[in-house]
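Both of the next two complexes hold chain A, though its partner changes from chain B to chain C.
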Partner chain A sequence: MNLDLLKDILIATVPLLVIFPSLFAFTTWVERKALARIQNRRGPNRVGIPCTRISLFGLGQPAADGIKMIFKEDIVPRGADRFFHLLAPILALIPAMMVLCFLPLEFPFWNAQIKAMRAFALDSAIVFFFAVTGLGTLAVFMAGWASRNKYSLLGGMRAIAQMISYEIPLVLSAVIIVMLVGSLNAADIVREQRFIWFVFTPWGFTAFVIFFICALAETNRSPFDLPEAESEIVAGYFTEYSGFKFALFFLGEYIAIFAISGLAVTLFLGGGNGPGAGLHPWVPIAWFLAKVCILIALMIWLRGTLPRLRVDQLMSFAWKFLLPLSLLNILITGAALHLLAAVHLHGGGQLDALTDRKVDFNQIIEAGNPWVIGGLWVGSLLILYVAARGLDNLTRSKVRPREYKYAE
Partner chain B sequence: MNILGGGIFSGMAVTLKNFVRSYFDKSRLTTNDYSWQPDGELPKSIGEYPREEGEQLSETTTITNYSRNFPMLLHDDGEPMDTVRCVACQICERECPPQCIYIEKSTEKKERDGGKPQFYPAKFDIDVSVCMSCQICVEVCPFDAIVMNSQFELSSPDRFGGLLLRREDLLKSNDYYHKIHPEEAEARDKRIADEKAAKEAKKKAAAEAAKKKAEAKARDEGEKKGGAE
Partner chain C sequence: MSQEVAFWILSAMAVVGALFAVRLRNLVHGVFSLLVFFAAVAGLFLLLMAEFIAAVQVLVYIGAVGILLLFAIMLTERVTGDDARRVISRGWFWGLLAAIAVFGMLLLPAIRQTDLPKTAQHDVKPSVKQLGKQLMNPYAVTLEVLALLLTAALIGTVANAQGAKPKEEDPK
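Our next item is the complex of A and B:
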């Protein structure tokens, strides 16, 4: 075996396998603490260093949970399909781990000459990302079906309906960025955001909001946690899972959250770009992880705030609000790009420069007339906001306040 | 016209306020306090569950005055089985929604301290792994024999037998009840005493009425006799 190849593989994969699972452990602790504080409780505060009385704000909790999970009895229901019951948690974890490879994280270990430190630098990374995350849905339904339990099956069916519905606006909002950049390569998308992150453009902002909402739904986070709604269907598709299989599901779910947050950071929040990004190769990685952590914190905050949606509300929100809005966003982005091209042409550029990607988006913004570009900015935002309001009015259920005949 | 999605932001402001203020305002963290009384002042240090192994909550430690967990059987002062209030009428067994109570009635009646002979529960088991703490047994008991305990440290390594409370585990004295739920116990004792007094008054009144009636009858008969003579 070629030793250099082995070394490259290890350099590319080991950081992913170390950083994200440890981030997972930390996140579970942060989440429990934050939710507890939101509800005026203390959260985990007992487990610290073993055999001492040092509790370190309960930081030992994830390790204790992990040890507990490993030693717990693995119960498989008598009627369950044993093979698929075992396969489902593995299949839930593997796609989530795989998509981490598509994130534009380049770890600069001992040799700056090794350029492509990313595990899997692919020109069509965005397409692959969505293709591979789609597999996670299969694992969820497999778990629901193989458990032979009505709650599991209901949870699995809810998950399928939800994930398929929200996949469409999710992908359509990523299309905006592909239109702006003209590339599916994650590294290209990050490079394009040197001066202006796409979340600060009107189209990128709308797309980011849609993307974030859909990401919550894709990863079954509250308020879209219907597949595992505790008060309705016990624990949804992992009702019949215990011990390490449950831990695998849990891990897979959180890794998927990190992956989709990483994609959101790549597409909208400038990836590793930020002040001082050029100073040291480690700075972009720190920026990237910091941005991911901010998105995770936002998700935890939303989980502590919003109640769970009803199934029909969930569906109508996806199909009647998010989908038309993201389609309209694509239309407006296309129109705006053409306008920018016209402005560029007026400034002495070539018409096909933009469409053929000889000039990048930033250069056009810089070269263009600031008034025209400002008008474009405000106009696009206005149209999108009015459209969103209109859609909101259309989809809002027409229910009058209830009139009581006899009661006060 | 309010901004689209504004409700979410105002909700997030509320949760943020809770999050931040729980670090500064200790009185918000009421759930961790095991010794707080509703009318008392907040203790200087917030009470927490004991950390060290030897240090355990005493039997009478309650979470709060009004906590309730699983039922217990009351007996008055004296030997538990001599003064147990339960007469094994089995109403609670029938009313229990999850059916976690099992009673076997004694075959013969037994003398009580200061009362007539009554049946007693030969067996009285509550499966606390099934009990849902609904307190219906307490509501339906005509003898004030079953009330809620607030003992919560019931974990056991035995999955089946360890959570089945026998009659001996369930029997608690009225004094213990006064210790854990003072207000409730006082009210209950007062009601029992009032009822007893009312019953006795009624009995007395009935006896007097009967006496009067008998006297009147005797007088009537006397008069009749007199009339006949």
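Our next item is the complex of A and C:
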């Protein structure tokens, strides 16, 4: 292996390994503070700089937690499968970390001779992203199974059922963006959003809402935290984990949250685009991370305000509401794109938008008739709104108090 | 050089994973070693620059087939997976015969008749775009028929599963 390759690898991966775990530490503090504020408490406010009385709003808490986790006793149940019990937290972290490489983050270096590097510049980055995130499910199952504990196994089973159900609308809402751009490459998708972020199109907006809900479910965030529901199954799949293994699970979960928020930012919120993005190579990265942080804040807020779903509600919400809506969204997007292209051609527009690369969205938006585009906008939004209300009424009438078949 | 090393590591992983998948008595361990095999194959695809196929390998085999197998195990009574009984396989002779037949009559002629390049190829890059165009244009009908078949199988399974349950009487 030559030295240049090694240098490139380091430039591409070390910032990821530095930025995201430190963001994790900060996020745990923000989350505890925000939840405390919502619940009318103070949250962590003691730990600051060691050996002084400076508390810095408890900002030292993540470091103290980390030290505690390292020195805590690692307990493995006697009946547990020791190897899998050890392997599960590691396997939970690896896919989450790996997925960060697919985000369109290009790290520049101060030395001008070294060009900006991205870890994986793949053509099919979006497919890879979903493929690798799916591996997290296996780790959750492994943890639940290896612990030899009823609650752990129940948590693992819940996790699998939930994750594969919500993965479908998640991928289908990402398909919308792939249709609009005509590429699976993350950098292409970001480049296509120079003028208009996809969240500001009716299809993109619907897809973003579905994507965000499914992202919450995929990462086991509240209100979809059934696999680790404290009031029902102790702590779900990591009931039997303590010490640093637990910390690894925690880290993996948060890195997965960052990764999926990063994908949402890439697909819908314009990636690193923003005012002044061309000024300096670090500005797009700052924009990207700022947008990720906003999504994380939204997730914390939701966690503090919404109650947990019931299992049957969870399933019917995924299969009877999100799935039909995202399928309908795909149909409407296709129809709208074809209409836009037809009107564009009818008005004597250039055809190079249509030949090879299918419909070039930006080109049509720029050149098209504003009335037609506006009409399509309002029409699509109206159809999607009516569909969402209709589906909501259909499923809502079926939600009754739960019948307990075996418990009585 | 480094590619060769990667190839040997991945091949060893694949062989060991496949062996363990067959030999391990614990069902869950078997499934996970099968997944190791799938992952190694995905790595081999990546080594051949077939990134899309590698992604689909991970997505379909590890993500879907693996989870399906685990689901199946969870629905059985032996959720814990440990089963020390020896599995008595009476048909091992016929199995061996079938394996030899498949290898000799399908794989070997196919390998021998394909004109494999003798030297390393660097420009070959089957891109996602080409694959997509092939699927949407010449093979669109095949794709649709396959999708229809899978949907029919799915509906059939659900219908079968529901038919087995005796009808409960509604008190209302």
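We adopt the following convention: the second predicted complex is superposed on the first by the 381 of 408 C-alpha atoms of A that agree within 3 Å, B and C clash if a C-alpha of one lies under 4 Å from a C-alpha of the other, contacts with A are read in each partner's own complex, and residues count from 1 in each chain.
Here is the rule we go by: a contact is a pair of C-beta atoms (placed from the backbone, for glycine too) under 8 Å apart; a residue touches a chain by one contact, two chains touch by 3 or more.
Since the structure is predicted, the reported quantities are computational estimates derived from the model, not experimental observations.
Chemist: Who does A:W301 touch here: chain B (first), chain C (second), both, or neither?
Modeler: first
Chemist: Does chain C touch more residues of chain A than chain B does, or is it the other way round?
Modeler: C
Chemist: Could you tell me if A:R148 is touching chain B, chain C, both of them or neither one (first, second, both, neither)?
Modeler: Touch status of A:R148: second partner only.
Chemist: For A:R46, using the defined touch cut-off, is the partner it touches chain B, chain C, both, or neither? Pick first, second, both or neither.
Modeler: It touches chain B, and chain C stays clear.
Chemist: By the touch definition at the top of the document, which applies to A:V372: first (chain B), second (chain C), both, or neither?
Modeler: Once the two structures are laid over each other on A, A:V372 reaches no partner at all.
Chemist: Which partner chains sit in contact with A:L135 here, chain B, chain C, both or neither? Use first/second/both/neither.
Modeler: Touch status of A:L135: second partner only.
Chemist: Just chain B (first), just chain C (second), both, or neither: which does A:S124 touch?
Modeler: Touch partner of A:S124: chain C, not chain B.
Chemist: Over in the complex, which chain C residues touch chain A? Could you list them?
Modeler: Residue positions touching the partner: 2, 28-29, 32, 35, 51-52, 55-56, 58-59, 62-63, 66-67, 70-71, 74, 79-81, 127-129.
Chemist: Using the touch definition from the top, list the residues of chain A that touch chain C in their complex.
Modeler: 1, 84, 122-124, 127-128, 130-132, 134-135, 137-138, 141-142, 145, 148, 153, 157, 160, 164, 184
Chemist: Would you tell me which residues of chain B are touching chain A in their complex?
Modeler: 4, 8, 11-12, 14-16, 18-19, 22-23, 28-32, 51
Chemist: In their complex, what parts of chain A are in touch with chain B?
Modeler: Checking each residue of chain A against chain B gives 34, 37-42, 46, 53, 301-302, 304-306, 385, 388-389, 392.
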